[in-house]
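Paired with chain B in one complex and with chain C in the other, chain A is shared by the two complexes that follow.
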Partner chain A sequence: MRRLANLVLLLVAVALCYGLQMSKPHYADLIGPIPVRGKVGDVVVGRSFEVRVEKVQFARKLRADRYGETKVLTTGGVWALVTVEFAARDASTVVSTASWRGPTRLTYDHTERLSFINNGFLPVTVDPGLQKKARLVFEVRPEEVGNATVLISSKLLAALDSQAEISIGPVAASSDGMPAGTVDTLDLTQPVDGLPK
Partner chain B sequence: MTAQDLAQDNRLGEKKWRRRSLWALLVLIPLTLAVEAYDSVKALLVDNDLFERRVAWGESAHFGGSDWKLTDLRGAFGMKNLPPGTVPVLADFAVTVGNPDLQNLWLGCKVMLIDAEGRRWLPTSAVRLNAPDNVQTCISAIFSGAKTGDVLNLRETFLVPKDVTNTIRPAVGVGSERPYFLLFQMEKD
Partner chain C sequence: MLESARSRLKAWAAAGIGTAAAIAVAGVLGAFEARHAQVPVLAPANPIETGQWLLQPVKAYVSSEKYIYGTLRKPGAKALVFELDMTNRTATSTKDYFELLQANQPTIDPATKPYIVLTRDGTLSPELHPGMTERMAYIWDLPDGAAVPASLDLNVMSKIYKQRDNLYGLPGWFNPSAIGTLDVPVGPAPDNAEGQP
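Presenting the complex of A and B:
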């Protein structure tokens, strides 16, 4: 009788453990980034920084200065340019990663093709009480533009740290499949904050 | 000894050990938590400037093997090409080197400005002001090869909102002294 009771107890424990394994979140989800959600124009307040998306633009080409010569960057998709304003909360910090998550959850990292520009692009040093504008640039497929979410966090591995998740909302598509309002070329040679370089 | 006695002995032994095991949990669970948390708590204390040591105006404090003194804190008003509502602030220190092993003692040297609300600003690279040749930053001083008795002139430049200039106080943290840091008081404090 006692042996049978022990066996039943063991089976119950196995069933409980299996149930927990199947139903509980994965460890990576438990210690993953903590989302702080908002939309374009909202001030999204995270743990170490706050951010407001000012505007979103789309372009077929980008023009940027590289060591004194003008460079035009083309793409097989479309350039999404997000102008944001950052501020730190309690202490100076660095915001270093952003990505673009499309409606089908395809996620595009911030482009590295503009890494030769060191001002106004990620990584951005931000200080408390001082608003700082920056441009986030993504190279995405045109169909991943509408109802997308821009994810911004201070570190690449934002374990248990807040991650701003800003929804872009619907974007109408024009007849050629590009987002409505896509311009041919966006000029990045002018500083984003209007201050001289 | 009969089989019945043996079975009873076993049961008693089992009971005794079950009780001992339960009591042991009282010790083992807190012990496990302590062992698991040790590295995290150590990292929290060693990597952060948590507890302030106040230094009165005009006085120097022994910190990281050397004597630190705040010599000046001033705003560089009237500069152009800065974001509106901001002002560069210069913090000057005179440090008399005691133990010259700065590469170990001053590792992770961090000079900050802290305002009345506890907000912290780190040095900026957005403002570049000309300084005399003998002026160094905390990090460059680490590699200056300074010897015992040398006096280092350190200067850090910050960019802060104009409205906090009255309440900011300079602070210094170094790896060998964390979690403690120096918070320098001003003349009016």
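Presenting the complex of A and C:
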């Protein structure tokens, strides 16, 4: 009898532990970024920076200056260009990572093919009280464009730090599968804030 | 005295039987087969699936151009170039392709790290995005005076996905192992030499 009771107790303990393992959040969830949600046009206020998405544009090609030479960057998908305005909250900070999360949760990191441009692109140094515009550039598949979310955080592993999650909303697709309003070439040689370089 | 010898004998027997049973179970589960398993020979014409990547070999050639996709050679030096189409099968952008192909060539020191370049614009080891096929070039510098090899012998590596690693409890790709060998014939260098940065 006693042996049976012990066995039952053991089985109950196993079931309890299994239930806890299945239902409780894991370490990665516990220390993950803390989302701050918003939509295009909203000022999204995180712990160290504020961000407002001004507009989202799509292009088949980008034109950029590299060492005084103009380069045209092609893509197998479509370029998504997000113009944002940053401000720091109470101390100067750096915003260094952004990703594009599509409707099927495929995550496209900010492109590394424009790393030769050092002004108006990530990483952006922002200071309190001084708005600063920047462009976020993603290379995405055309079907990952609608109902996407732009994720912006100060650093790559934003553990226990806020991450701005800005939903783009639906984007109509044109007949060739590209998002509506896709232009052929977007010119990145123009400064983002309209000021001379 | 006799009692203690008997109990000691019992303990030894129990330990021996336990060990033998454990080894037998491991053998039944296939723990000893993996060491001796021959990796298959992969056909260069077919797509190759690894854990994270879908690979389609395109061509291999030896080039003596000064610039190959933006990478610089010394005058007179040659490089072995392997071009392939790579598709990221995972849900996030990644550049986890540095250990993907390992050269077995006698002319290439296995310690020689290749340049891995996006052929589209010569970006050095960019992140590749989910579901977007890109033509990449692995470029190994050949030692001075090395003979041009007739074929490029590669080990194709794959990793396994773990939802939680043992150290941080975070998801990731671990434990690289060879899934096959690939023998690509080395052809003549293409005429349209490109890659001037």
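By our rule, the second predicted complex is superposed on the first by the 183 of 197 C-alpha atoms of A that agree within 3 Å, B and C clash if a C-alpha of one lies under 4 Å from a C-alpha of the other, contacts with A are read in each partner's own complex, and residues count from 1 in each chain.
Everything below uses one rule, namely that a residue touches a chain if its C-beta (ideal position, glycine included) is under 8 Å from a C-beta of that chain, and two chains touch if they have at least 3 such contacts.
Since we're looking at a predicted model, the values are computed, not measured.
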{"item": "Partner chain in contact with A:92 - chain B first, chain C second, else both or neither", "value": "first"}
{"item": "Partner chain(s) touched by A:140 [first = chain B, second = chain C, both, neither]", "value": "second"}
{"item": "Partner chain in contact with A:112 - chain B first, chain C second, else both or neither", "value": "second"}
{"item": "Which superposed partner A:71 touches (first chain B, second chain C, both, neither)", "value": "second"}
{"item": "First, second, both or neither for A:184, with chain B first and chain C second", "value": "neither"}
{"item": "Partner chain(s) touched by A:26 [first = chain B, second = chain C, both, neither]", "value": "second"}
{"item": "Touched partner set for A:176, first chain B, second chain C, both or neither", "value": "neither"}
{"item": "A:125 touches, of chain B and chain C: first, second, both or neither?", "value": "first"}
{"item": "Of chain C and chain B, partner touching more chain A residues", "value": "C"}
{"item": "Residues of chain A contacting chain B in one complex and chain C in the other", "value": "none"}
{"item": "Residues on chain A engaged by chain B in the complex (per definition of touch)", "value": "89-92, 125, 127-132, 193, 195-196"}
{"item": "Complex interface listing, chain B residues touching chain A", "value": "81-83, 86, 112, 118-122, 124-125, 159-161, 163-164"}
{"item": "Residue ranges of chain A touching chain C (in the complex, touch as defined)", "value": "26-28, 71, 73-77, 99, 105-109, 111-113, 139-141"}
{"item": "Footprint of chain A on chain C - complex, ascending", "value": "91-93, 118, 120-121, 123, 126-127, 129-134, 164, 168-171"}
